[in-house]
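Structures are listed in the sections that come next.
In the two assemblies presented below, chain A is common to both, partnered first by chain B and then by chain C.
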Partner chain A sequence: MQNVMRSAAGASLALLLATSTARAERLFVSNEKDNTITVIDGTTLAVTSTIKVGDRPRGIVASKDGRSLYICTSDSDHIEVLDLATLTVTRILPSGPDPELVTLSPDGGTLYIANENDNMVSVLDIAAGRVATEIPVGVEPEGMGVSPDGKVLVNTSETTSMAHFIDTSSKQSIANVLVGSRPRVARFTADGAQVWVSAEVGGTVSVIDAGAHAVTHTINFAIPGVPAESVQPVGIAITPDTKTAFVALGPANRIAVVDTKTYEVRKYLLVGQRVWNMAFSLDGKRLYATNGVSNDLSVIDVDALRVTKSVPVGRLPWGVVVTP
Partner chain B sequence: MKVMRIAWLGVSAMALGAAGPPIDPNWPCVQRLVPSLTASTLWGGHDAAGDWRANPQVATVVAAVSPRGISAQDGAARLDRFVATVPNADRPAQLALVFAGLVDETNLQRAQVIERLRGIAQRQRTLTELTSRITAELRALPVDAPVGQREEIVSRRAFLIREYEDIERTIRYACEVPVQMEAKLGTLAQTLQRGLAD
Partner chain C sequence: MPGSAGPIALLLASLLGISAVMAEPVTVGIGYLALAPKHVGPQVVLDPPLTDEGVQGARLALADDQTTGRFLNQSYTLHEALQPDAEAVLTAARAMLAGGERIIVTDLPAPLLLQVADLPEARDAILLDATSEDDSLRGAGCRARVLHLLPSRAMLADTLMQYLAVKRWRNILLVQGQAGADAAYADALRRSARKFQIRIVADKPWTFEPGAQRTDTGHVTIGAEVARFTQGLSYDVLVVADTANEFGDDLAYRTTDPRPIAGTHGLVPAAWARPFEQWGATQLQARFQKQAGRWMTPRDLGAWMAIRAVGEAASRGPGADPAAISAYLRSPKFELAAFKGSRLTFRAWDGQLRQPVLLADTRSLVSVSPQPGYLHQFSELDTLGIDQPETTCKM
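Up next, the complex of A and B:
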C-alpha cells in the first residue's frame, strides 16, 4: 500500500514537474518611465525581478536562442543586451539616435532599428556589434516588420502615412503604400501573404497584399459609447493559425478581436488604460498586453476571449516579450 | 558605414489625401487629443440612469473624491468606504451614477488643462513667427549697419529662442497632466468595479 502511495506521489510530482517544464516561460516588460524591465513568471504570473536598464526602454525583442533580450533604450541612444540567464546587461550595441523599435531578422543575425529622429533604419550586425548600413526611410519611421523569409522589410513613416517595402538584400525601396494617418505597427502574417498596418490617428488597420503592394481591406473600429478620438490602433498580434488578429486600441482601453477571413470585429475586450503592445504565450493560449496609463499587464484567455487577470508592472509599460 | 541611397517615389501623403482626421495645430502633445472622456471608455458596468447631482449621497462622494488634490489612492479608499454602505442590490445603479459623476467632474478639470495646453501651443506658434520675422530683419540689415543695432536684434532673437526652448522643455511634462487625470479615473473605475463584484 505504501509503495502504491509512494508511486502515486511520484507520479504527481512528475506530472507537476512536466507541467512546470511545459509552462516554464518568462515574460519581459519594458517600463518606459521607470527605466526598468519587469520579469514575470509565466506560470504563476508573479513578478520575479525588476531590472534597471538604460533610459527610456521601449522596443524589446528576444534573440532566436532565447538567451538574450535586445532593448531599445531610446534616451541612452543605444541597444542593451540583457543576458536572460544572469539578468544582467552584458553588452551595449550601437543603434543610431533615439532607437524606438527593433525587429529581428528570421535568421537572428540582424536587428533593424527605427531611428525616429533622423529618418533612418539602422541595420545592425549583431555578431560584429556594428551598424552595417543605414537606410534612409520616410519621415519619422515607426513600425517595422520583416517577412517570414527575411527578404522584405516593411517600415512605416509616421509623417507621410506610408508603409515602405524595402528589399533587405539591396536595401532598395520596392514600393510605398499609403495607409491611415500615423501608422505605428507593421505585422506580417505567418504565411507572408499580408502585412497588417495600424494607424494611430486614422483609427484603422490597413491589410496589405504583400505581393501586390496594395491595400485590400481597411478595418474600422466603432465601440458604443467610446469617442472616435480614443480609438487609436497600435499593437497587432495574429494567432499562429492566422485565423484571429488582436488589435490594441490605445486609450479606448479595448483590444479588438478580428476575424481574419471576414475582417469583421468579433468582440472588444475591455483591458487596462492605453493598451499598447501584445505578445502570445508560447502555447498561444494566452495573450499579454501592456497598458501604458494603468501601469499593468492584461492577461487574456485566447480561446474564451476573456480578460482573466491584471498584473501590476512598472510605470508606462511599453513592450512585452515571452521566452522559454 | 555605408549609407544606402533610396530613390523614394516622392509621393506626398497630403496629395493623395491620407486617410485620417486633420491634426489640431494648437495641440502641442504627442498623444492625440481626446477632447472628453466617456464612462464606456473605462467602465464595464451598467449605464447610469438619471442625474447624479440629484442624489445627495452620490453627489457628496463625487465631491469628496474628484478634486485634483485628492490622490487616486485616497479617492479609492473613500470610494471603498462609500461602497460598503450601499446594499448589494442597489450597487449596479448607484455605482454607475457615482462613476458618471466622476467622469463629468474629470472632464471639467481636464477641459481647463486642455485649454491651457492650447494656450501654450499658440504661444509657441507666435514665438516661431516672431523669430522668423527677426531673422528676416537681421538678414536684411546692411553690412555697414551700426554694430549696436545688429547686437540689439541678435539679443532680441536670442531672448525669443530661449523662451521657446524653455516652453518646449516643459511641454512633455504638461502633456502628462491630462494623462494623470485619466489614470486616476481609471483607478476609481476599478475600485467601483470591484464593489460590483463583491
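Up next, the complex of A and C:
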C-alpha cells in the first residue's frame, strides 16, 4: 500500500516537475569494494540509502518497467534482482562464473551476461530464470551492447581485443572485428548504424559501421600534461540526439566530449579519479559518472559541458543507472 | 574436385559463425626451448621446487592465442622442448630450426641463450627471451634477433630505488650473497642507487655459513649473526641481494635496529606477484590457477607475454610470416596488454619490453613503478632501466 502511494506520489510529482530540468528520478550506483548499491535522489542528489548486496557488484541494468535492478555480483557468481520499491533483493538469477557486465534486450525479456572467467556470453531468459544459451566468444568477455531493434548483440573480449557481432535469434556470431587492446565498452548509436567500442589499453575508441562490420574511424585522445599511458577509455555515453559522445578516460581523470560528426574531441572535462561508467538523467540534461578511486559520482551539465557537483558514494564505484 | 571446395568452405564458415570476409587459414608455429635441469639442492618445505615454471605460462597464452585465432582463421602450434642440460638444448635448438620453426620462445640462462642466438641456422629466426633478467643481454651482449620480456635487473633495481626516493628512505645497507647472480643483482642496485641519489651506507658481503638452521637453537645462531652484522650502522632500509634464496628470509626481525627489508626479499620488485589483482590481473591469476593448479610466477608471466606478443602481432597484421611478425613486434603499431594498466612496447635500442614493475611482499601489493613524478621526454616507463642515451647495445 505504501509502495502504491509512493509511486503515485512520484508520478504526480513528475507531472508537476515535467517542465523543470530535473524530474523525480533515482540513481543507483554499484560499489565494487563495499558490496553495496548506493541510492541517490535524482532531484536533490542526496544519498537516500545504501543497500547491502552480494559480493563485488559491478554491471547493473534496470528492468524495462523500471521496477527492478539487475546486478552482476561477480564474486557471488550470479545475478541479483533488486526490487526498487522495497529496495530488497528478491530474486537470484543464474549466470556463468564471474559475471561482470549485463545488457537487456529491448523487449525486456532477455539478459545478455558477459562472464569474464569462461569466455562465454550467457543468454538468460528472465521470466524462466534460467540460462537458455551460452555463446562462445573471445578471452575475457566484457562489454555488451544490443542494437536498438534487438537483432544484434555486440560483445567485446579483453584479451582477444575483438568486438564480436552476434545474431540474437540464431545466437551465432556474424562478424568479429579487431579493435584496440583490452576493449571494455560497446555502445550502439540510437539509429543502430554504428557501434562505438572503447579500448582501455589501446587508448582509443573504434567507431564500427554496424552494417559493414568494419572500423570506419579510430578516435585518439591527447591531453596536455597527462601521460599517454594514463589515457584509458572505458565508459561511453552518446546523447539521445546522437550529436555528442562522452568517453570516460579512466586514470586520466577526464571525460572527453566528442563530436559524433567530425570525431573531433571538443573538450576534456576534469572529473574524479579513475572515471569509469556513465549514465544520463532521464531528460538527458545531466550526465553522471562513477569515479572508482576517489569514490564519488561526478555530475555534469550536458548543455554547458561543466562538472557541477561531486556526490560521495561507496568504495570503488563501478556502474550507474538512472530510473524514473 | 577443386571447384566444390568453395561452397563447402563457405558453408563450414557460416556454420562456425565466421565472417564471409575471412582470411585464408594460416598456422603460426612457435617453438619453446627451455633448460629444465633436475632440482638438486636442499628441499625447502615451504615452497617445493616447481618443475613447470615458465612453460605453464606459455601453454595458457597459446590457449588465449587460439581463441583469438579461431575468429581470424588462424591457429597456433607450440613445439615444446624442455631439456636437462646445455648440450641437449643446443641439439633441440638445431632440430627445431631445421624443422622450420622461426619463432622461438626461450627459458635459458644468458650464455646458453647467446649460443642459440648465434647458431648459423638461427640467422633469420626471432628469439623471445621469456625469463632472463640479465643486464648484459640487453647491453654489450645484445642481439638484434632477441627480444626480452621480463624486466631487466636494472629495471627491477630502479623500481625499488624510485620508491625509496619517494619515501625519502635515502640511506640503505646493502648485503650481497655468494651465489652466481647475487653480484649482478647487487651491481644493478648500486647503479640504481647512484641514479636516484640513494646513499649506500655500507656495502657488505654475507659470508655466514647457513645449513645449521635445522639444528635445535639454529634460530639463536642466525639471530645473533644478523644482529652483529647490522650493528653500529645508521640506515633506513636493509637491501638484500640473495637470488638463490639462501639467507634473505632470515634477516627480518633480527636486525639490531628495527628496519624493513627489500630487494630479493621483503619488499620485492617483480614483474608479477601473488597479491597482484589490479587492471584485470585477477582474471589472469584465476585462469592460470585453473590450468596449472598453482600460483603464477614472474617466469610464467614472461612466457605468457612472449606467446601473447606473437599472437598479437600475427592477428594485427602480417599473419604467419615470421619475418613480418618480427618486424611488427618492433614497430610502433605493436602494443601488448598484460594487466599492467598500460600498453607495453619493445624498446628499439635493446629489445627490452617497456613495462610498469610491481613492488610487493608475499601478501600485499605495495606500489607500482614508475613512481608519479618521475618524468621522461618520451615515455615515463623509460625511467626504469637502461635508457637510449646510456645503452651499450650495438645491434
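As a working rule, the second predicted complex is superposed on the first by the 302 of 324 C-alpha atoms of A that agree within 3 Å, B and C clash if a C-alpha of one lies under 4 Å from a C-alpha of the other, contacts with A are read in each partner's own complex, and residues count from 1 in each chain.
As a working rule, a contact is a pair of C-beta atoms (placed from the backbone, for glycine too) under 8 Å apart; a residue touches a chain by one contact, two chains touch by 3 or more.
Here the structure is a predicted model, which is why all the values come from computation and not from measurement.
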item	value
Superposed partners chain B and chain C on chain A - clash or fit	clash
Touching partner for A:P233 - first (chain B), second (chain C), both, neither	neither
Chain B versus chain C as contact partner of A:E116, first or second or both or neither	second
Contacts of A:A252 with chain B and chain C, given as first, second, both or neither	first
Contacts of A:T204 with chain B and chain C, given as first, second, both or neither	first
First, second, both or neither for A:P317, with chain B first and chain C second	neither
Contacts of A:G143 with chain B and chain C, given as first, second, both or neither	neither
Partner chain in contact with A:H213 - chain B first, chain C second, else both or neither	second
Partner chain(s) touched by A:R182 [first = chain B, second = chain C, both, neither]	both
Superposition-derived comparison: chain B or chain C, residues of chain A touched	B
Partner chain in contact with A:I174 - chain B first, chain C second, else both or neither	second
Single chain B stretch clashing with chain C - from 91-99, 127-135, 145-153 or 181-189	127-135
Where chain A meets both chain C and chain B, residue numbers	138, 159-162, 164, 172-173, 176, 178, 180-182, 200-203, 227, 229-230, 232, 251
Chain A - residues contacting chain B, complex	131-138, 159-162, 164, 166, 171-173, 176, 178-182, 199-204, 218, 223-227, 229-230, 232, 251-253, 270, 272-274, 293-295
Contact set on chain C toward chain A in their complex	17-19, 64, 67-68, 71-72, 280, 283, 286-287, 308, 312, 315-316, 335-337, 341-343, 379-381
Residues of chain B defined as touching chain A within the complex	1-9, 11-13, 16, 18-21, 23, 31-42, 44, 47, 179, 182-183, 186-187, 190
Chain A - residues contacting chain C, complex	98, 116-117, 119, 138-140, 157-162, 164, 172-176, 178, 180-182, 200-203, 213, 227-230, 232, 251
